[in-house]
Amino acid sequence: MKLEELRGKLIYQALLVGAAALLTSALLSFFSQATEADIKAAEEADLKASLAQVLPGAYENDLLKDTVTLPGKEGEVLVYRGRRKGKVEAVVYQVSGNGYAGSIVCVMGVSREGKILGVRVIKHKETPGLGDKIEPAKGDWIHSFEGRWLGDPVTEKWAVKKDGGVFDQFAGATITPRGVVNAVKGGLAFFEGNKAQLLDEGVQP
Amino acid sequence: MSEYLLLLLGTALVNNVVLVKFLGLCPFMGVSKKMDGALGMGMATTFVLTFATAASWMLEHWLLMPLGIQYLRILAFILTIAATVQFTEMAIRKFSPGLYQVLGIYLPLITTNCAVLGVALLNVQEKSDFVHSLMYGFGSALGFMLVMLLFTGLRVRLAYAQVPPAFSGAPIGFVTASLLALAFMGFAGLA
Amino acid sequence: MNEKYARITKDGLWNNNVVFAQMLALCPLLAVTSSATNGLGMGLASTAVLLLSNIIVSSVRHLISPEVRIPVYIVLIATLVTLVDMSLNAWAHELYKVLGLFIALIVVNCAILGRAEAFASKNSVLDAALDGLMMGLGFTFALVVIGGVREIFGSGTLFANAHLLLGPAFAFLELTIVPQYKGFLLMILPPGGFLVTGLLLAWKRVLDARRAEKAALVAEEAAS
Amino acid sequence: MNPIAHSPHAHAPASIGKVMATVLLALVPATLFGFWLYGWPAVNLWAVALIAAIAGEAFVVRMQGRKVRTVIMDGSGILTAWLLALSLPPYAPWWIAVLGSLFAVIIGKQVFGGLGQNVFNPAMAARVMLLISFPLEMTTWVAPSQAPGLLESLRITFLSQPIDGMASASLLGHVKTEFTRGIGLDQALVGYYTPMDMLWGSRAGSLGETAAVLLLIGGLFLIARRIITWHAPFAMLLGVAVPALLFNAIDANHYAGPMVHLLSGGLMLGAFFIVTDPVTSPNTALGQFIFGLGCGMLTWIIRTWGGYPEGVAFAVLLMNAATPIIDQYVKPRIYGRDRKGVALVVKKEL
Amino acid sequence: MKLFDLKGGVHPEGKKNLSAERRIRALPLPKKLYVPMQQHIGAPAAPVVNVGDHVFKGQLIASAQGNVSAAVHAPTSGAITALGDHVAPHPSGLPVPTITLESDGKDEWCAIQGCEQPLELAAEEIAARVGAAGIVGLGGATFPSALKLNVSRGVQTLIMNGGECEPYLTCDDRIMRERAVEIVEGILLIARAVDAKKILVGIEDNKPEAIEAMQAAAQGTAVKVVTMPSMYPMGSEKQIIQVLTGLEVPAGGRPADIGVLVHNVATAFAVQQAIRYGKPLISRIVTVSGGAIKTACNVEALVGTPVQELIDFADGYVQPASRLVLGGPMMGQQFTNTNVPVVKGSSGVLALMTTEIGQSEASPCIRCSTCVRACPVGLLPLEMAAHIRAADLTGAVALGLKDCIACGSCSYVCPAHIPLVHFFNYAKGDLAAQERSKLKQEATKKLADARLERIARIERERAEAAARRKAAREAKERAAKEAAAKAAEEAV
Amino acid sequence: MLFAAIISLTLLGTALGLLLGVAARYLKVEGNPLVAEIEQLLPGSQCGQCGYPGCTGAAQALADGGAAVTLCPPGGIALAQALAAKLGVDADLSGVEDKGPMIAEVKEEICIGCTRCFKICPTDAIMGAAQQIHVVFREACTACGKCVDVCPTESVTLQPIPVTLQSWYWNKPILGSAA
């Protein structure tokens, strides 16, 4: 039969689409296998890079593999742990607070002494130009947490200046920093409350 | 109930497919010169969009996920959408030649209306259940329809305005869309 | 023959530009052009798909029956897009994150199916390849221009982060046009995208009209 | 022979210039009050806005080869800039006024073909553009009557001198902020809301929006002069007051009452001078009523549930977008036809 | 009596005081009269006299043609000097067929026959006599009255239009003040001709003297005088019906459809004159007014009198007029040639100054919707004008263009001075022209088809004939052959 | 896994292809009613000035999108607008010059009565017999110009139809640049 005639046949059309699907899905499957490893690696590298921002320094273990999940105020918290010489030296986890336009999600790294190693905002909907100064790219406000702990400043001073605390607010935007400060403060409280499990040390019976 | 209402409002107004998500712009610009065309396109898209969101949810949850072949998602979704659209096109052509006339070349373009695939893909990312997905698709379609009608109304009026030659037609359409998008920013934070 | 290639080239880049003349592919155009870098990345990705899809469609055009032509083309394009998607994800992860959904949406980029239908399915492989390339470059051009304008006015830079997104080789592109710029948010936000596109379209009109006028003048002089 | 003129051979003594001049006149009291309240910076800002609008309009009109004089003299550009200036924070830097005015008269109006051709309210389009582009500058308010001297005022307007000492929040912004801390209306309003001050306009807010009484008088003057009709303003106030009343009755601690709503933000200015913009509002009385009602309700919704403390400008733009559709469906009944346009049927009287 | 609301409408400055207190005076007999054949709606009348003929006053000089038409009579006695074209009282300034009559100064009536007891005439007879007298509506539309009477027979209500809502004009006011008795008799005649049950005379409240005079004359008859508020266009047929009865004439219909007949009060006077005295319609009251006229007045002018004579009679101009208008300022037509004649429909001759016209260059429409509020019909003038401007006449029709009564209220109030009615009249004219060319196209299409068919038929017939000839020839040949064969056979 | 992927997609494709094939067969639409509708709009004088074999050809070309709506000179601007509306396209009317209604006129002085115009007129608008002066029947002439082309003595010309009181109407108002 000639191609012309074939093209009019119902079964030809069905098979044509089928064949196209067959060929392409086969191609894709192979390609997917080829790229799978690279994609995974890229995603891990991504996550690592963001962890590294709040956990400066080198750790002997693979952070992504040493995790623990603990109950927090708003559901489960996934904690990554960094070790040196087998001891947990630092932990990283997510905290969130309420900003001007919804919740602000941050990751924070805390040393075993309870000091903040770094904080980064990973998701927020604050007003560009007002509230977005919490991003390191737009200002270094977020670095003002580094090295602080629940005793520095004292608990009452863990607030923006307008509310009598020590942290700066931005001109025309108080809500956003207030939200971040509260979130970080809550994160430190979480650390204090779950220290034993976090540091993987002698869980007292 | 109010949860669904919020979802509808959110998808239709706050995160409007066209003005905020930037999906479906070609028909938005192309079929907005006459009210009938816009209405027809809006309705056709509403149907296809809702259907595609539901169908792709099923594909994802009953085929791709169980088999672990999510990398074929684009392929599977678009195939389904394209077939549906073409089927719809043939049906409309058969049963409503008037509508077919109005939609003209844009009916096949629904396939390539990226709102359809875009919403389906976004919806899968939302990881919501079936009813939510249906609402998500329908809400997005409503949003598309709404801005389509508003925009068409404006463009029809502009057709009688003395727009400077350099701007008449598409350029003023974009400027108008810009101001419409500006207006829709007022819905931010609503839902 | 050369004349034909010149025409295809000119059509793709300017006269029948996907964006400025055909008014297609508007979604990625507006969605990813908050900076020139994004525009360039998106443009190159689309060009790759356009080129390949045109070649394939043109080479299988005789096999396809009209009833199922669209599904078949789309399957082809979807495959190509998935390939690009995976490649970017694996090897240009930063760019992948920025362009996000819109990589997948290259599938439905009206321009690609449009070219498959309007050109590739009717022309030889070589012509189709050239057409795909030129249309893609034309599209890239539009993306970069709009992205550039929005970026300059919006944040005072040009091709910011190019090394991050496109690789270190592109670092030379990065420019800071206005140091200490406060930023003009409108340009980065959706309304700005529409506005810039509208203004550029009007500008193209004025340019074309001027050129036509000049040509007419020259012709007149030649006649007299 | 001069061409034969078509009838009518008589004409009412009205012209576009006179209409615009009347509206400007109606704005004068509220504007002067704003000047008095906020001092010289307000005057600077107002003047800069007007100059920029005139210059910008003259430039584009000239580029198109049209007559600059007639366009400027119709007063609509000046009115647009004036209304824009009245809706700006009084201590905003000069470039805010310039950018806003240029956007209003060029993108908002001339690009559409000039007076009467635009579909969105130019002043409000510009205001929203400024708000989303420069949220800091556009949400920095001052407490009234701090009247800096002329020299200092120049520094405020032209050198963007920080005004930390004088900063104050507007009522709506303040309430919104307090809500985020979980503070209810009963406490949030203390010290912020005194009905008499609100009525006379002694509050933080935009340059010309605060003096409710003066704006009302201006509006009534326009109604009396038949420049505007009562429909749109009344409907807008209704559209805010009714939901406010309802929800306030349900939960007084979360939903402010009608008086708070009516007297705060740009509502009064909006109701009498903005939703009445003939160009961008519907043609018929009923259409204008629907338009006003929509503006009012959207304003209330945005204020109450939205992300922005105030929504007049957004509401106006959204309803502008709906205007052609309102116009298409709301038309007067034609003599001898029913509402649908079908010719009446003769009832044979016996 | 309860009045109903009129929607829209405007209040132009009345300016009636310029001429309202001037009694009607007869114009001196002009030397030459130009009597156009078309002074009414419908087909032009056809001359029944020749150049050189001598005619008497009131003698028929042109007879009605077809259904819708009106006869024309000699306004005075004299000689016909020309049957030809003369400039028409029409904005186009085009020539129309006109009979030129040179007055012999004697003003001699032909034999006319009145009627002593007019109110006892049969309805058909009244209509016939009205038709013979060449009476057309004097309210402005100049529709042949006899026809209107005939189609309106059996209506419920007769409305007499004494609205005279146009500024400046006082001719109806004066005629009601001075000839109320005759008018009332005319009204009763019309009522009898159509067998109306209810008779209302609507007069605007800015004419108290006319109301009083009419009320006095109507005492004891079925005629009821109603005072209406002053507002333009109160005098328009549809609007006066709405105000007085609350009814609306259906779109595309006639007042008779809802049982109403409207006539102007001056028409009633003409009817009375025609029936009681047998006098045809050869003169009318004309208001000469306007700021540029020295002595505004009302004159009774013969049809065909050049307008210049009326202006001279009013002592000419105080200052050069910036515009001359026939009719009222709202609906009247500008003219430039003062040689145009007074016709049956001429209600006024106005010489206006620039300040009175108040027109200036158009600015853009600001969509203020003042025009929407002013339109008595409920149209959207701004939208219609925008559509017409953009050459979308179909769109304008969909908006109700055909319902527009061209009253000009919208143009009057528009602060942007946009010539709205001008747009509408242009569009109506263009649509009519399109309609004509469509009719013609259909006709020519038929012709073309007929021709093609004819050619095909001729072709076919020719082919058939050829075939027939061929068949015959072949038959002959065959026969010959057969014969030859037979012969051969036989020979074998 | 790989297998499952390929098979499921193939099946999906085949099924959808079948669906479309069936649809294409049973939902087929015949012919194009548009051509007839367009032909109804055209003057029908089959004059061929458009370059197509008569009005039917022109209608076909219009329906296929191969011809501009301004193709028919006898139809003028009005027809172009009607066609544009029917086809839903934006007409560029700048190219059409509507000379207003025209009519053929035979100059009696030079007409030799050759009957050529009489024979060619598609609407039988010319009357006359051999060796006699021919006259044009105003109501039937579409100003197609064919008679002008064939007349050996150039005695036929197209003239604008004169305006009369009945056919006169107001011109379109021209507003200044400000408005």
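As written, the chains take the letters A, B, C, D, E and F, and residue 1 is the first residue of each chain.
We take it that a residue touches a chain if its C-beta (ideal position, glycine included) is under 8 Å from a C-beta of that chain, and two chains touch if they have at least 3 such contacts.
Owing to the predicted nature of the structure, the values given are computational and were not obtained by experimental measurement.
Undergrad: Where are there more C-beta contacts: B-F or A-C?
TA: A-C
Undergrad: Tell me, please, which chain's centre (mean of its C-alpha atoms) is farthest from the centre of chain A?
TA: E
Undergrad: Could you tell me the distance, in whole angstrom, between the mean C-alpha positions of chain B and chain C?
TA: Roughly 22 Å, centre to centre.
Undergrad: What whole-number Å value describes the gap between the mean CA coordinates of chain B and chain E?
TA: Distance between chain centres, rounded to whole Å: 57 Å.
Undergrad: Which whole number of Å gives the spacing of the CA centres of chain A and chain E?
TA: 86
Undergrad: Determine the centre-to-centre distance between chain B and chain D, using the mean Cα coordinates as centres, and give it in whole Å.
TA: Going by mean C-alpha positions, chain B sits 33 Å from chain D.
Undergrad: Mark out which residues of chain B touch at least two other chains, giving numbers and ranges.
TA: Touching at least two other chains: 69, 71-72, 75, 79, 83, 86, 162, 167, 172, 175, 178-179, 182, 185, 188-189.
Undergrad: Find every residue in chain F that makes contact with two or more other chains and list them.
TA: 5, 9, 12-13, 16-17, 20-21, 23-24, 170, 173, 178
Undergrad: Indicate the residues of chain D shared as contacts by at least two other chains.
TA: Where chain D meets two or more other chains at a single residue, that happens at 6, 70, 107, 114, 116-117, 129, 132-135, 307, 327.
Undergrad: Flag every residue of chain C that touches chain D in the complex, lowest number first.
TA: So the residues of chain C touching chain D come out as 182, 184-186, 189, 191, 195.
Undergrad: What residues of chain B sit close enough to touch chain C in their complex?
TA: Checking each residue of chain B against chain C gives 19-26, 28-30, 71-72, 74-75, 78-79, 82-83, 86, 108-109, 111-114, 116-118, 121-122, 165-167, 170-175, 177-179, 181-182, 185.
Undergrad: Can you check the complex and tell me which residues of chain A touch chain F?
TA: Touch residues, chain A against chain F: 10-11, 13-22, 24-26, 29-30, 33.
Undergrad: Show which residues of chain D lie in contact with chain B when the two form their complex.
TA: 64, 107-108, 110-114, 116-117, 119-120, 125, 128-129, 132, 298, 301-302, 305-308, 311, 313-315, 317-318, 320-325, 327-328
Undergrad: Using the touch definition from the top, list the residues of chain F that touch chain E in their complex.
TA: My answer: residues 43-46, 78, 81, 85, 101, 122-125, 139-142, 163-165, 167-173, 175-176, 178-179.
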